[in-house]
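Presented sequentially are two complexes of chain A, the first with chain B as partner and the second with chain C.
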Partner chain A sequence: MSGTARFLLASWKVNLASALEYRLSFFLLAGMMFVNNMIWLFFWYLFFGRFPVVSGWEMGDVMLLWAVSAGGFGWASVLFGNFPRIAAIVSSGQLDVYLSQPKPVLLNVLTSRMSVTGAGDFIFGIIVFLWVGELTPRGCLLFACALFVSGVLFIGVMVVAGSLAFWIGNAEGIAGQVFGSFIALTTYPTGIFRGAAKIILFTVVPAGFIGYMPIGLMRDFNPAFATAAFGAAAFFAAFGALLFRAGLARYASGNALAMRS
Partner chain B sequence: MNRTYGYISVAGRKQLAVVRIALRQQWAYKTDFLLRACLLLLLLYVLGQLYGAAYAGDYDRAIGGFTLRQVVWYLVFTEAITMAGPPVGARIEEEVKNGDIAVRLTRPLSYVGFHYGSYMGEGVLRFIVLLVAGGMVAWLTVGPPALGYGPIAYLPLALLGLTLSFLMTAAVGLCAFWVEETRGLEFVLQKLTFTAGGLLIPIDLMPEWLQRVCAWLPFQAALYLPARLGVRFDGQELLRACSLQLAWIAALSLLVAFIFRRGAGKLHVNGG
Partner chain C sequence: MKLALETRALGKTFKVKEKQAGLRGSLKSLFAPQWKEKTAVDRIDLSVSAGETVALLGPNGAGKSTTIKMLTGILHPTAGEATVAGLVPWRERTKLAYRIGTVFGQKSQLWYHLPPVDTFELISRVYELDRVDYARRRDRLVERFELGPYMHTPVRKLSLGERMRCEIAASFLHRPQILFLDEPTLGLDVVVKERIREIIRERNREEETTVFLTSHDAGDVERLCSRAIVIHHGGVLLDRPVALLRRELLSGKTITVTLADAEDPASVAEWFGRRAWSPMPEGVELAAIEGRRIRLAIDLARTDMNELLASLTQAARIADLTVEDPTLEDIIKHIYGMEKTKGGEPT
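After this line comes the complex of A and B, so read on.
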């Protein structure tokens, strides 16, 4: 086992032990996120009760969309929980502590936190898939692929947005907006968007790849879409890592004394 | 009589001073609330597209009494009220937990009144910005709102709606006297407002059974009633909505006063 893999396993183990230290709080927070997502599904139930088919999408498709989006976001937040906080870490000088450790900086930053609510999202995704998904080996494999692409896209996009802090200083506001907007866009059917909005969703803001997953990957497998989705995930992950690395060369801090918490 | 009038007048002046301070304070964080407005623009754009697809772009068709244009403007109105409210529950909880409440209680000003003034000061400014920003998106997407008394009636009803939102959040925040951690309760409140308040879907479009449930709860008075009258004005309905809002404000004010009295009575703060 390589050193990096051992380091990742050790980080996740410590994060889990730390989260389980306050067991009740862990289950409450994870449960809250689960309930939150269920309430969104309730909204969709009301919506589709009034409009049964919208641009070819039905209730089951939107439920799968939520399974992919919340599930992907969930595993990414559990294993790489700092991905939405990079801008805050860079602009507040908290990166110093990671630079002083002999580990890959970006990986170290990403894995040093576990989001407890992310666990609720992940479990929600799995339960909804078991509820409405295709429970065959092929269906499960496609769902796993969809979760993987979705999680990598979340991490990649947020690393790109967070790395802006190396150039513009306080990028917390922008990163927060990108985060909120990206999540919002991944939870609506892509079929409702037309024209320029659709192009943006499949290029600059790749939320469309997550949003179209229930149709293009899971319902009617489309090889071209699957290739494009994997390609987009690889591109954003690589671009984020390169941007972060380029940004590190410009990083300066005020010698802030900080501890990892 | 004169003494009573003088007391009310002094209390009112204090309250207005708090509103003014909160307004100025909020003005100092212009960027923050402009960013909030950006998120609202995106949300409204997405919801506009969603309902546009649901109505198949037909502007004349009415579903549950709402045309596409009315639904989009309805969403602007509900979102502006929802996103305008500052996180007063979290502030109260923080003050109770770290003991800052002791300083506030020594001031010659009602504790809940102070938070109400501060909430309205911040909230009104945010509300105006959000309404203008959201209105621009709606105007560009589906055209102007129907001219008439609706948009005029909406403004005072929205202010009463903000007051109701404050009272509900404050009641939850004040539970910090007993439970310290009120985040879970506030979460439940938010989600109830989201569904039973008709935030993203007018209550008329919901199933019959849910409409009956919503009618008995205060959430619809905070969001749905102002927004519905804003897009579909009806004189008699205005009177009914206004009375309902005032009745809920009275009931919730009593509840908040009761919780505060009970909570403040058992408060112990160490140090200073």
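After this line comes the complex of A and C, so read on.
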């Protein structure tokens, strides 16, 4: 095992130990996120009760959409929990400790936090898949691919948005907006969007790749869509990493007190 | 002698937005922002030999932390060159990180909710330490830093002094050639400060670790460092061995004497002039008299402290007595004054 792999493993173990330090809080937070997602599914259940098919989407597809979105967000938040907080970390000058250590800075920052609510999201995604997904080796493999692409897109988009803080200073607001709208857009069936909105969903805010996953990857496997989805995930991850790396030269540090938790 | 670090005309400027007060200023700044260039470090030349213990001193805003952050690769300079342990910090940051240790008083590398033993384990993975060597090194540091009772206590429950000892021990785990400390004794009490200085000195002695620290505290300089560099307004004001500095500048102490109740406060001033000393001993100046309290400025280069105290206790019944070091601000003011009187503006 390479030094970086051993470091990642140690970092995740420390994160988990830190999250488990408050057991009750851990179970409450993870449980509440599970319940929160279930309430949204209930809303869609009521909706599809009145309109059984919307632009080719059925209740099962929307449930899988939630499984992919919440599951992808979940594993990304558990293993790379700082991805929504890059802007805040950069603008408040909290990169000093990471920069003084001999590990890739972005990887070190991302793995330094584990989101407990993310664990709830991930478990929710798995349970929903077990409920409505195709429980064959092929179905499971495609779901794993969908989770992978979804998580990488979440991380990539937020690293790009967060890295803007190196140039515009306080980018917390804009990163927060991107985060909120990205999550929201990944939970709506892509079929309801048309024209310019659809173009935006597959370019600037690539939530469409996650939203179309239940149809284009899992139900009717479309090689072109699968390639585009993997390509978009790779592009945003690479672009985020390059932008962050370029931004380090502009890092201004700061004098805020900082503790790792 | 081998150089630990060297800088040539190293400088850093920041662009700072200037805004007039109030809502009108905010609106104006929104549409037509005014930027001003602020020089944090003004082209400084430094050279530190391996094994030296150097203090970088200066008041708030002098550029101490910015300098240390450039030397550790955290900040990129806007001018000049630097090599630390033979590497350019901002270009070879990862390689450099294996050779240096850092302690930032305000930025902890310990995990707040976990005991130090867990962070030590993570740090051993960060620096890819051999497991057997790591265990031996950790145990040795725990023993020397007397961390045994705290290693399994969550950091949030440790006192500031205990936490700082853990921070410094953690920074020694990978045997750094150079240790950078930014305000390591900030906010600590006298006993803890002294203990921290002692253990850093010990590491310097036993492992020849070069120590480069910034501080506000004249005590850190006196008890830990062999050389002091004073910076002010981003530039080097003075670079001198501490022994020389002590003779010239750190020999000043302030003694505050509170007379016992029996002495009449109203006539203390008169008493002092009439009974204490006449004439005033050499190297002693009366700084102030406030009620029963008398403050004396002492120059230890010219006065023997033992004789002075004996003479004071003979002259009056004393209720309380404190001896204080000059503040760093006082020392810098003094240096600034000295440089001006030498001719022109200080460099």
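Points worth noting:
To be clear about the criterion, the second predicted complex is superposed on the first by the 258 of 261 C-alpha atoms of A that agree within 3 Å, B and C clash if a C-alpha of one lies under 4 Å from a C-alpha of the other, contacts with A are read in each partner's own complex, and residues count from 1 in each chain.
Simple rule for what comes next: a residue touches a chain if its C-beta (ideal position, glycine included) is under 8 Å from a C-beta of that chain, and two chains touch if they have at least 3 such contacts.
Since this is a predicted model, take the numbers as computed values, not measurements.
By the touch criterion stated above, A:Ala252 is placed in contact with chain C alone, chain B being left untouched.
Applying the stated contact rule after C-alpha superposition, one finds that A:Met59 touches neither chain B nor chain C.
Within the superposed three-chain model, A:Ala88 lies out of touch with both chain B and chain C [touch as defined at top].
When the shared chain is aligned, no partner comes close enough to touch A:Cys145: not chain B, not chain C. When the two structures are aligned on the shared chain, A:Ile39 is found in touch with chain B, with no touch to chain C. Chain C makes touch with chain A in their complex at residues 14, 65-66, 69, 72-76, 90, 93-95, 97-98, 100, 102, 104, 106-114, 118-119, 121-122, 124-128, 154-155. Across the complex, chain C is touched by residues 3, 6-7, 9-11, 14, 17-18, 21-22, 94-97, 99-103, 108, 248-253, 255-261 of chain A.
Across the complex, chain A is touched by residues 31-32, 35, 38-39, 42-43, 45-46, 49-50, 52-54, 63-64, 184, 187, 191, 194-195, 200-201, 205-207, 210 of chain B.
The touching residues of chain A, when paired with chain B in their complex, are 28, 32, 35-36, 39, 42-43, 46-47, 49-51, 54-55, 173, 176-177, 180-181, 184-185, 188-189, 191-194, 197.
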